[in-house]
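You will see two complexes here that share chain A, one where it goes with chain B and one where it goes with chain C.
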Partner chain A sequence: MNYVVAMKQVPDLQQLRIRDKKPVLTDIPLEFGKIDKNALECAVSLKEACGGEVIIAAVGSGELTETIKDGLACGADRATMIADDGVDALQSADVAVLLVRLIKELDDVGLIFFAEGSADNYSGQVGSRVAQLLGYPQVGFACDVRMEGDRAVVTRALEGSFEEVEVDLPAVVIVASDLNKPRLPTVIQILKAGKKPQEVTDLAAVGHEASELTVCVENLAPDTDRKKQELAGSTELLAVLKENGIIDK
Partner chain B sequence: MENVLIYSANTGIARELLSAGRPLGEVWALALDEASAEELAACGVAVLRFDGRGVISADTAALAQVVALAVAHSDASLVLLGSDRRGKELTGRVAAALDAGCLTDVKSITQDGQTLLCTRLAFGGATISTESITSPVKVIAVSPTVFPRAEPQGQGVISSLTGAVDARVRLLSERAKDSDLVDLKSAEVIIAVGEGVRDEDFEPAQKLAQALGGVLACSKPPATDRGLLGEERVIGLSGVICKPQLALVIGVSGQVQFAVGIRDAKTIITINTNENADMVRMSDYFLVKDSGEAIAELCSELC
Partner chain C sequence: MDFNLTTEEQLIQKVAKEYSETVIAPLAEQIHATNDVPEEVFQGMRELGFFGINAPEEFGGGGGNYLSFLLAIYELSKSSAGVGMIMSVNNFCHCLIAALGDDEQKATYLPKIIAGEEIASFAFTEASTGSDPKQLTCLATLDGDDYVLNGSKRFITNASFPGPMILVAKEESTGRATAFIIDKFAEGYSLSEPWEKIGVHGGPLYDVYFKDFRVPAKNIMGGLGGGMLILKAAMVYAKVGVCGISLGVATAAYEEALAFAKDKTHRGEPIVKKFEHIRFTLIEMEMKLLAAKWAVYHYAWSLDNNSDLFQLAKEAAMAKAAVTEAGVDIVNQAMSIIGSYGVVTDYKISRLWGDIIIGPQVEGSASTLKAMAASILLM
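Presenting the complex of A and B:
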């Protein structure tokens, strides 16, 4: 039984700058999101315990063939992807359709992993859309996953409680952030990553038409201008607290 | 006027969705159990009570089928769901089932002619994006507490909804998270600590918070990686968005996912050893100092 991990390339938000209230994305390197790496780690550790293969399915820009190496170095066996700069303009619903195409080509898929949200948009809809399109059951916000025969036992972390559920396979599991510590690849693993099998196609080959189910009217940074006044020490800080009516002495 | 279907497993959130939906059309509510159906009907909304046995909220696939049945029954073109974890997970599934566009974590909905403009955070909270859905059916997951809860008034009719749904998820066990019920959202004073605060300084920080009549909160790693505080104390994109009068932010770098949860504070004071930290840039006052020393000095004056 094989494990699929859907991973998304995102800009490193630490390097995001705002100019005239608009986000500037040029020259920011693309990487896999942190929670996507949690999802990959989850699949790799299940594979180590139960056998099978871990396959990354990804839909991203032309640079994806580079980004993918990081996932392959972190324990995936191979990758299947659509790498095309036209993907940047696609929305979640389209990405879900494209991922389903990639996944349908794979044999003996047991679990398909997603992150609870992508680092850039965090809308968290792609995993659920893929599950619906494939007609598979799903469990989201997973903080623990184990295999029991032909089923998976998954713990879902809700706001105020944990629930443990049993789900038939194949199934989609959408992991919560921080459910594990993703491994750091060794130098040898990094070197070997480039040689692992990658199946790459592009949008023209799959002939996908964008659906444009939503439109973005504007996307602007809020005003966060503050006075940034430096305080010399704790005494001055106490004075500010007093000025603000927080303490009275 | 269009028909609007609302659903949340949490009836408190369902009542918020009722407030959100009423200005937008004729509202129908979906309920899976008798108690929720009655609570919602008592708010004057027509309720579709699904009485298929074996559908549990833990089974998102089955739940999405029920929502789709309710959409067909009510002829709704707008579906409002809660953007709590269950609701968010359900949203993409329902949208795919209905060939609909969807938006999650929606913070406001305004009508602009025939268009519904929704705002949500993007780029980890660095920007606020205004979006609308263009498909005939629209699915919107609204963040909790954005709208007030609808109050009891009138009496809605409860009608039953039936249909076959296949269940493939079974609930084995449930347990409550240890939580100490803090309310960051309504706190006037918040002391937020991050990775720049050592383990042994969390207790003094708690004392300091008490002395200031405030609540101790944190960035994500102290809760999820170090387990020093509960997750309900996390500020930010995946935690709580707060709006205190005063926030004292200690040893937090101010990455966007945190910043979005504190940037609406009236006054922000930052303590950090790095004067170039993003958190400093979004502060009214900042003190460049070691967190442990600063907490000890403030405690010796106030605690």
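Presenting the complex of A and C:
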């Protein structure tokens, strides 16, 4: 049984600059989001315990053929992707359709992992859309996944409690960020990542027509000005810190 | 001309940065205070393959380039110059053995130092000489199939870690400098107390004493009388690590100064906004960092793409002198921004100052390196 991990390349948020309250995306390197790495780590751990292959399915701009090396270095065995600069204009619904096309080409798929949201627009839609299109069950907010026979047992982190569910395969699992702590790839894994198998296609080859279900009106960064509050003393300082949730209430 | 790093180089740098920030940085003050690197740091470095980034794959290395090694040591040294120094010396030793060792020497010594299971040392300097092979007094005397070593070596990094040492001694019958690979801690090997350095703590520095220390004649590297060649090759390979350390420390100092200037206020306004001379100083620091970075990046690139030992030695000498001297300027400027807080040990900048000041003085002082580079100028 194989594990598919859907990964999205996003701008490296640590290098993002804000100008006139808007993010400047020019020349910002792309990388996979942190929660995507959690999903990949989960799949790699299951593969190590139960066998099978880990396959990355990704849809992104042309740079994806380079970004994918990060995922391959972190333990994936191979990748299938649509790498095309036209992808940047696509919406979550389109990306879900394209991912389904990629996944349908794969054999013996057991679990398909998604992050609960991407690091850039965090729409959180694609995993559920893929499950719907494939007709597979989906389990969200996963904080632990293990295999028991031909079923997966998933622990879901809810507000103030945990829920354990069993799910028939194949299934879509949408993971939360506290699922695990991804291992760093070794130097040898990094240097050999580019030699792993990759299937690359583009939008023209798949003949997809973009939908226009939603329109992004504006994308603004939050204000981060200093508050410049003058405080009378330590008692007031403690009160303000507690009030703002900086120290325990 | 493409100034972009490859994806692999970027990933190696990213992993080193994360390891440096999450594992080494929290231990940096402890390393500085105890002059000792905890085993957990080494263990992580072994697991991630940091000791063998640019070493041959057939001996367990990554098969990467010198620039990848440079990027990694730069990131690690931003947190601890001592960790960088241990890695630097081990690295140029495996580069030397891979380049100039025979098949048996490679098979015997490379796998363990590339994996970081053992840590290698290089021993040339003596009390009376730092770079002149004609003044060596440590004597190697042939006795049957072995040489017997007697004498001492000064300021030897990594001498307290088990593993091989590349040692250059005077071969008695010819009087010529000859390099041997010896096993540290064999009978006849002893250490001084560690030298109390003003910086680069964690990278231990010792004098080493040899008394009737036996080493098989087959452990000669580079041939009888080939010590000068080994020294020149060491000159070529060793400086990239030291450059990476100085660049890392200088960058850390710049970041400290920038953060301080943004945080420290004068009449309610951060000093970086209020005073032009603070901004001016920060930009000067960044200019020097930029120049130093490209000098050492090009040197690392040359190691992978050029093969003329003399020209490589010249570039290594120039890069090392330029980067370490620029590093001192940058940290001094950081000190000038941080002011009186910089001279108390509670602030990180004082540690960085101790680390950077060592750079121009070790592994060939800046003036010695300029003299060596100048001698090649006329060749």
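Note that in this section the second predicted complex is superposed on the first by the 221 of 249 C-alpha atoms of A that agree within 3 Å, B and C clash if a C-alpha of one lies under 4 Å from a C-alpha of the other, contacts with A are read in each partner's own complex, and residues count from 1 in each chain.
In this text, a contact is a pair of C-beta atoms (placed from the backbone, for glycine too) under 8 Å apart; a residue touches a chain by one contact, two chains touch by 3 or more.
Remember, predicted model here, so these are calculated numbers, not experimental data.
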On the A-aligned overlay, A:E163 touches which partner chain: chain B = first, chain C = second, or both, or neither? first
Between chain B (first) and chain C (second), which does A:I190 come into contact with in this model arrangement: first, second, both, or neither? second
Of the two partner chains, chain B (first) and chain C (second), which one does A:L238 touch, if any: first, second, both, or neither? first
Dominant contact partner of chain A by residue count, chain C or chain B: B
Look at A:A204 in the shared chain and tell me whether it touches chain B only, chain C only, both, or neither; answer first, second, both or neither. neither
Check: chain A residues flagged as touching chain B and also chain C 228
Taking the complex as given, what residues does chain A use to touch chain C? 29, 66-67, 69-70, 73, 184-188, 190-191, 193-194, 228
For a test of understanding, state which residues of chain C touch chain A in their complex under the given definition. 7-8, 10-12, 15, 18-19, 47-50, 52-53, 62-64, 68, 72, 268
Residue positions on chain A within touch of chain B in the complex are 13-14, 16, 18, 23, 91-93, 96, 119-129, 131-133, 136-141, 153, 156-168, 171, 174, 177-178, 212-222, 224, 226-231, 233-234, 236-238, 240-241, 244, 246-247
Show me the residue ranges of chain B that touch chain A in the complex, using the header's touch definition. 58-61, 64, 84-86, 88-93, 95-97, 100-105, 117, 120-124, 126-135, 168-177, 179, 189, 212-214, 220, 224-225, 237-238, 245-246, 255-257, 259, 263, 267-269, 271, 275, 280-289, 294, 297-298, 301-302
